[in-house]
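What follows is a single structure, written as structure tokens, with notes after it.
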Amino acid sequence: MSLSLAETVAAIAADMAGRTERGKVATYIPELAGVDPGQFGIAVVDAEGTLTAAGDSETPFSIQSVSKVFTLTLALGKVGDTLWNRVGREPSGNAFNSITQLEYEKGIPRNPFINAGAIVVADAILAGHTPKVALGEILRFLRFIADDEDIHIDQKVARSEQDTGFRNAALANYLRAFGNLRAPVEQVLGVYFHHCAIAVTCRQLALAGRYLAFGGRHPTAGGRVVSAGRAKRINALMLTCGHYDGSGDFAFKVGIPAKSGVGGGILAVVPGKAAIAVWSPGLDAQGNSVLGSAALEILSQRMQWSVFGA
Amino acid sequence: MSLSLAETVAAIAADMAGRTERGKVATYIPELAGVDPGQFGIAVVDAEGTLTAAGDSETPFSIQSVSKVFTLTLALGKVGDTLWNRVGREPSGNAFNSITQLEYEKGIPRNPFINAGAIVVADAILAGHTPKVALGEILRFLRFIADDEDIHIDQKVARSEQDTGFRNAALANYLRAFGNLRAPVEQVLGVYFHHCAIAVTCRQLALAGRYLAFGGRHPTAGGRVVSAGRAKRINALMLTCGHYDGSGDFAFKVGIPAKSGVGGGILAVVPGKAAIAVWSPGLDAQGNSVLGSAALEILSQRMQWSVFGA
Amino acid sequence: MSLSLAETVAAIAADMAGRTERGKVATYIPELAGVDPGQFGIAVVDAEGTLTAAGDSETPFSIQSVSKVFTLTLALGKVGDTLWNRVGREPSGNAFNSITQLEYEKGIPRNPFINAGAIVVADAILAGHTPKVALGEILRFLRFIADDEDIHIDQKVARSEQDTGFRNAALANYLRAFGNLRAPVEQVLGVYFHHCAIAVTCRQLALAGRYLAFGGRHPTAGGRVVSAGRAKRINALMLTCGHYDGSGDFAFKVGIPAKSGVGGGILAVVPGKAAIAVWSPGLDAQGNSVLGSAALEILSQRMQWSVFGA
Amino acid sequence: MSLSLAETVAAIAADMAGRTERGKVATYIPELAGVDPGQFGIAVVDAEGTLTAAGDSETPFSIQSVSKVFTLTLALGKVGDTLWNRVGREPSGNAFNSITQLEYEKGIPRNPFINAGAIVVADAILAGHTPKVALGEILRFLRFIADDEDIHIDQKVARSEQDTGFRNAALANYLRAFGNLRAPVEQVLGVYFHHCAIAVTCRQLALAGRYLAFGGRHPTAGGRVVSAGRAKRINALMLTCGHYDGSGDFAFKVGIPAKSGVGGGILAVVPGKAAIAVWSPGLDAQGNSVLGSAALEILSQRMQWSVFGA
């Protein structure tokens, strides 16, 4: 009497539609504060390439920190493992925008998924080019892996972040003070704020995540996006560091590598089985989507997708 | 031309025997400081129950922090999920014996695998009994899951820890100051120091880990040690928190849930596939066995056992 | 129309008697929790040796951290400036019982007036003797400088501290872990808890402080307690570190070197002019006597006793 | 056989000229790195208004953080004690440019003499005006209290700071993120970098400090710069916070309220007796002038000027 994936996904969407505990929409980026919290979307791509979706899976939302998975992939492609001289691979044990860790560890961010780490990654992508060129590269990469030329940057969100992103500006200046940024601070922040402001739907995001689920390969275009080993290692980072200071708890409850963003989206990767995107704008205290996390917990259990055992 | 498990294990043991970079034997427990660093053992139990071993797999070593996996299992069996009111489930982002985190988070250790967390777990096992009764329970549990009545406590090591364990005494007193210990400090420390001083061989440790690899079941005695869900969640904790401030790196390189100890032992769990014990006394800067980690990295790669993808 | 010292002291006592904002009596030492907050005492000894007192100046109270001034004096007498290899001279910028600083600075307390520093000072006084001998020495010293053989230890308070002083036990074990204690932890804590449990009256405390106000000399016995230079430097430490994380504010408002204790007492020293003791059990958030601080602020202003200008 | 002030000052200058242990010139501001470390100047103004000087007392140097005393005075004149809602009055227990404290205490700098605090003070002076107007006001104030129209900003130093002041930019952005800056970050930094780049001689600086030594009054122009109470309280802040994490030690050794800068200058204030300026570019590990501190220690001792006793 086990349900099919399609039935499970539909049941989850129905369950979520009825929930009233939805957390709080992020308010620190003014442009995001107005998003309707009553939305939930889910999309799953399986090993056969079948897409199963439900809820608001076609509504674009702000990708925010989920983009850090893709910029990390790009930066590793450019500079290889030398990136790890500038960014660590350890969970942070701290809020996503903590500057204390950076002082204590002399300008080396603990991992590429906290803000400071992602800012270093943006600097590695810049690599002497203009912000425009770097952003073009990021967009092209995302469109390629998602098979979708429509993916774009929401300029209003980008501007809203730029006007209010003082903590990120503090982090970037601090990194620069330690010599861990090469491009001018404003250029790096420009790239960072804009790639966080990319708009995606659950469908687009799930498709974009396929290379991580399926050994680094691009299922439709053929060929490799990254090596199998690199896909595996990015998945490991998502599991240990993907949910800020809620990463341990997410691994404990859901057991699937995933990366969340304050826009309410989560990309989850079941190695060999599925790439998943969920979205719901209400966040918990750690900045992770309340319904998104709940949906992934149920999905993981029903499909026995935890990497830690059936 | 892929090698069998037996061939792979033998090759790894041969490889390790030739390595000269072996790290440093822990010196802060005087009784451990004299262990010969030139040793390496490995034992693997697969889903069929076959044991494959090589090197010094029959030499007893000090279990140290690997015991925290088993005391956690016991404590959860006693007090259930209420344990999580007293201990967190997040990676620590700090040294294993850091007291700063405890002050900042008001006496709630970040996870049960750092010392402070394991001391709370020991307190939960005590639960009104004498240290002798509590230690009896821990030993009986370990003998049961390892199918081996010979497992015992090395009293010399226990005494050595007790005489020099001032940091752990500081942690325990601090926990008590926050009301997060119930038994007297000396009793809790007594239990803690003694369960860390249990001596095991690689074979014994690999057998003891079977319930985590195989859905909570006891393969030979039959029946359940823990529910499948609990086994899965303990594995998740091992992956995110099992190697102190080297947990992220271990997940990145090896991709298998594992718990290390400063005795040089590591217990690793491949869900559905294998329970593994490796041992070599030389440690890296984070306190994890250098050869043990290297052996698991190779084994994971060769057998495609990473939980994050083939 | 400036008032005489006697008139000023009387006016302050009258003012304090009418105040209703009195802070909270310390509760973490059970034996102190029952003290009546409605008490206030003051005693001033001037350069002529005249004692001016008002309010509950003859009621004994628990000296607590004010004793650290006298143990510091004793320890400097024993080991001289080598003490500064084991304790710093900087304000702590932290709560009085913070253990974080100790971890960060590798077992060297920032100054002798925070608990960790005073525990090191107690160890320096022990110096191979028994706690009983060390405490005898401390009592004898205090009786000598106060010209009063009645000063004694309140054993109930000492026991109460010993039973509940887990934070101090944590600090002491931590110091021991860093090698910054020589005597056994329990012995050092025994000395520390007992010297904090000495009972004094305002009169006794003001008399005891004379050597600091008057160039290191003992006004009645004649001769020197310490050199003028040492008295001066202890005063400097009282000003920068005497009120925990309220030291800056106290210097700003009162401008007189002083040391407070959670029993509600404060010893203040006006170089060349007066030694002052005030007492009232209600504390502010930093652990300093509310009325005691207020009384000293008024006294300093009226008598133009601030060391920072008239 | 006590020497006169003039003889003492001359003897100190001669002593310093022969010293070889001179510390290191600050290198993090490139324009300062080239200053000749072999210089030493001293100037003292006494209660009669007599100026006694020796050494390189007429050589201009970069005022750096000593300017914070004067901007604090100005800001208090503008916004009064409401400034203390935005800045604390406690020693920092940390390096002068630590950002950790700011995170921990939610954007309220511990005191106005660490960089973050002085940046808030600069914002209070801006108060809706342009940086040019604010800087004009600061310069006018300094010229007035020093009776010297020649005091100016060294534009090269200002530019050098602006080009490399990434830590200060981080602090300012961080303060803005907490809502503790009102003017745009660049404007506040512009004011801050420029007032730190003012060039003064020892003579000018000693004259500028007279209002603090002599009850808030302007000895030559007549009238008050600030009230006697405010002068007293600024002196208290200088004593507890004037030398970064070396403030306690300076109080211990010298016992005079003083403020140092990384240009090697120190302004010291002996209430009722003297205003002193010393300068020598070599710094100790805490960023304070080595010879400047040594000179003040000797001067304090010889003249019995410690506020903590003769």
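Order of writing sets the labels: A, B, C and D. Residues in every chain begin at 1.
Heads up, the rule we're going with is that a contact is a pair of C-beta atoms (placed from the backbone, for glycine too) under 8 Å apart; a residue touches a chain by one contact, two chains touch by 3 or more.
Chains and their UniProt names: A, B, C, D = Glutaminase.
Because the structure is predicted, anything quoted here is derived from the model rather than measured.
Engineer: Greatest Cα-centroid separation from subunit D: which chain?
Structural biologist: B
Engineer: If you tally the C-beta contacts, which comes out ahead, A-D or C-D?
Structural biologist: Contact tally favours C-D.
Engineer: Using mean CA coordinates as chain centres, what's the gap between subunit A and subunit C in Å?
Structural biologist: Once rounded, the distance between the two centres reads 55 Å.
Engineer: Between subunit A and subunit D, what is the separation of their C-alpha centroids in Å?
Structural biologist: 47
Engineer: Rounded to the nearest whole Å, what is the centre-to-centre distance of subunit C and subunit D, using the mean of the C-alpha atoms as each centre?
Structural biologist: So the centroids are 32 Å from each other.
Engineer: Two or more other chains touching the same residue: where does that happen in subunit B?
Structural biologist: Nothing qualifies.
Engineer: So, with touch as defined above, which chain pairs make the list?
Structural biologist: Chains touch in the following pairs: A-B, A-D, B-C, C-D.
Engineer: Note which residues of subunit C are touching subunit D in the complex, please.
Structural biologist: 88-94, 101, 110-111, 212-213, 215, 228, 231-233, 235-237, 239-241, 245-249, 251-253, 255, 257, 271-272, 306-310
Engineer: Name, in rising order, each residue of subunit A that touches subunit D in their complex.
Structural biologist: 98-100, 102-104, 166-167, 169-174, 176-177, 185
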